[in-house]
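Okay, so here's the structure we're looking at.
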Amino acid sequence: MKAEDILSEIKKDYVLAKLKDGERIDGRKFDEFRKIEIHSGIIQKAEGSALVKLGNTQVVVGIKMQPGEPFPDTPDKGVIITNAELVPLASPTFEPGPPDEHSVELARVVDRGIRESEAIDLEKLCIEPGKKVWIIFIDIHAVDDDGNLMDASSIATISALLNTKVPASRFGLGEDFKLPIRDLPISVTSLIVGNKYLVDPSKDELSVGENTLTITTDKNDNIVAIQKSGGYMLSEELFYELLDVSARCARKIREDYLKIII
Amino acid sequence: MRKIVLPGDLVATNSKVAGQGTYVENGKVYAKYLGLLDKDETQVRVIPLKGKYIPTAGDMVVGITKEVTANGWFVNINSPYQAFLPLMENPEYKSNKKPNEVLDIGDAIIARVLNVDPNMKVTLTMKDKMCHPIRLGRIVAINPARVPRVIGKKGSMIKMLKNELGIQIVVGQNGLIWLNGDAKKISIVEEAIYMIEEEAHTEGLTDRVAEFIKRRKGDVEAKTNS
Amino acid sequence: MLKPKLIVDGKRLDGRAFDELRPIKIEADVLKRADGSCYIEMGKNKVLAAVYGPRELHPRHLQDPSKAIIRYRYNMAAFSVEERRRPGPDRRSIEISKVSKEVFEAVIMKELFPRSAIDIFVEVLQADAGSRAAGINAASVALIDAGIPVKGIVTSVAVAKVDGQLVLDPMKEEDYYGEADLPIAFLIRNGKIESITLLQMDGRMTKDEIKRVIELAKKGVMEIYRLQRDAIMRKFMVEEDEG
């Protein structure tokens, strides 16, 4: 048991005491996100990039592209490869080494949102059917984990894709062009405490347990990805309620932040 | 306002005045960490602005029991160093009891640092009238470097919090603070403590905290009345 | 690729004078979770450093009963360079981590914290020659921000020889095509350069050139030292003035 664990244990009482009074420790409503800041294009050496601050949580996403072989079952479509690094700089509990289950889950859930919403028009990324297509590397780099890296990564990923230029000229494949984006998937993660939910949980709030539900919706409010994370029982009522809450929160993020970028 | 000094800044040329937060090389006194310079004729000190709690004999601390052994208890004291409380240093221990019947994993205590050896093996004692197991109330955690500010000049801040709200407060040097009393009032003090931590080095802090408490007390009363 | 001319009309490719640093931006205390942190931009380099500790060290056999263990991890983000790099340490990162760790082993008062660990993490978000120096400069600020006792401030810069000319703080093209590159770090105390804490060189230079390189580096680090101090002062002064 390390010193940092004691702090989380102590915070837990505070979070639960507040919750009993129907409040969150930082005064937010239960369906309210922390303040979001998006800084697009901060990595000039990447084809696209964004730093997203979600409260104190910070994530940098960089997009790199290069020509490569398509998957045999989709010979005329570009390829998305998503990777997340939870580097030890970002949290006292992250260890150096190969991706653990948390970073794999993070990358896969973000990837699913992008893929299933068909946010990227992959057919426009075919260079030579069956032989050569564009490979899109989405690299998620967690920088400060103050809770809910998932949604910070989801917002950073779509923001980075929105400012991505396909580097065709560098590979002698004609002129550079804007990556064709046609949807804006946004994930919304809620912490589940009994029959209550807290949208966009902070690290302090997560001290009560890491039971979360992530719901990703596209611009038409369709659900494109769901991830229940943590060993807890989820009631059907709460799940249905969260489908609405998540779509509403995602719509607000899209309207408040992503409209400006497009 | 006190001057901020950085590590390596020359703070005195007479090694006799070297105090806390300084080091001496070739007769010169330098700051060893980031802090506020506190200087008079007899002593130069650097009061840290940040940093972990490093135990010193005599410190009052709040800790949580992490392991029970046949000889005593290992206690997490919010420090790079875990502390040990020997059976004989806990007055509640009787030879007919098992150690875990006296203190079990997860139990919180108020204890005093009895000894710190050169390898930083820390020994605690509870043979002190201030020391006892914590069975009620709540623990609040702050940056240990901000503890002096929560206590205030000659205990002024703590006195004010106690007088205004009538609750029990014990401030551990390790940044853990025990609060006991009415639950609503505990919440107000807890918020006040976070405010002190956040604004530790600002002017007129005591007045602002007093104002904050009055306002929050008013809110709570208004809620109960309506 | 053909080597371009690196010095034209007595000026460098980016218009700098020989003894001129790239633009530098430093900000202290930028990460919530870390005990101390710093963000630095040196030219196109964008680097974050975080310090955790002193903290308990596990497993126990790694502990040193007489002092803290210093660990340093230099890591490049996959998107930090033109060609995407595979995540994780390569041989270059491992070497940089080692020599950088030794810089801080020399200046941290580690005997004050027996059996503990002090971890320094450096993440290169964008690299453009000199990322190790940028990392060391940021790490030094992060250590001070964490309240860790150190003898002074460590400051690092590189000097290169390009087209026969000695230039301060080489950018990528100068580093790539240059005849020699010498990264160096100094301990600076109370505004005075005390000693060398990192020294590497590859390429070919005469003894006389090396001496001139050191002088050039000293000029550079004094400028960086002032920016490092400013970054910390700015952070903690603001705190004092608030309210």
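For reference, chains read A, B and C in written order, and residue numbers begin at 1 within each chain.
Methods note: contacts are C-beta pairs under 8 Å (C-beta built on N, C-alpha and C of every residue); 3 or more make two chains touch, one makes a residue touch a chain.
Just so it is clear, the model here is predicted, and its values are computed rather than measured.
Distance between Cα centroids is largest for the pairing of chain A with B. In this structure, the chain pairs A-C and A-B differ in their number of contacting C-beta pairs, and the larger number is found at A-C. Annotation: 35 Å between the Cα-based centres of chain B and chain C. Centres computed as Cα averages put chain A at a distance of 31 Å from chain C. We define each chain's centre as the mean of its Cα atoms; on that basis chain A and chain B are separated by 39 Å. Multi-chain contact residues, meaning those touching two or more other chains, occur in chain C at positions 55-56. In chain B, the positions touching at least two other chains are 52, 80. For chain A, the set of residues that touch two or more other chains comprises 3.
Put simply, chain A touches chain C in their complex at residues 2-4, 42-46, 49, 56, 58, 60, 62-64, 66, 83, 85, 87-92, 96, 98, 137, 139, 141, 143-146, 203.
Only residues 1, 4, 6-10, 23, 30, 32-35, 48-52, 54, 80-82, 118-120, 145, 199-205, 208 of chain B touch chain C when the two sit together in their complex. Only residues 35-36, 53-56, 65-66, 109, 112-116, 144-153, 187-190, 229, 232-233, 236-237, 239-243 of chain C touch chain B when the two sit together in their complex.
Against chain A, in their complex, chain B makes its touches with residues 52, 64, 66, 76, 78-80, 138-141, 176, 183, 187, 190.
Chain A contributes residues 1, 3, 5-7, 9-11, 13-14, 17-18, 21 to its touches with chain B in the complex.
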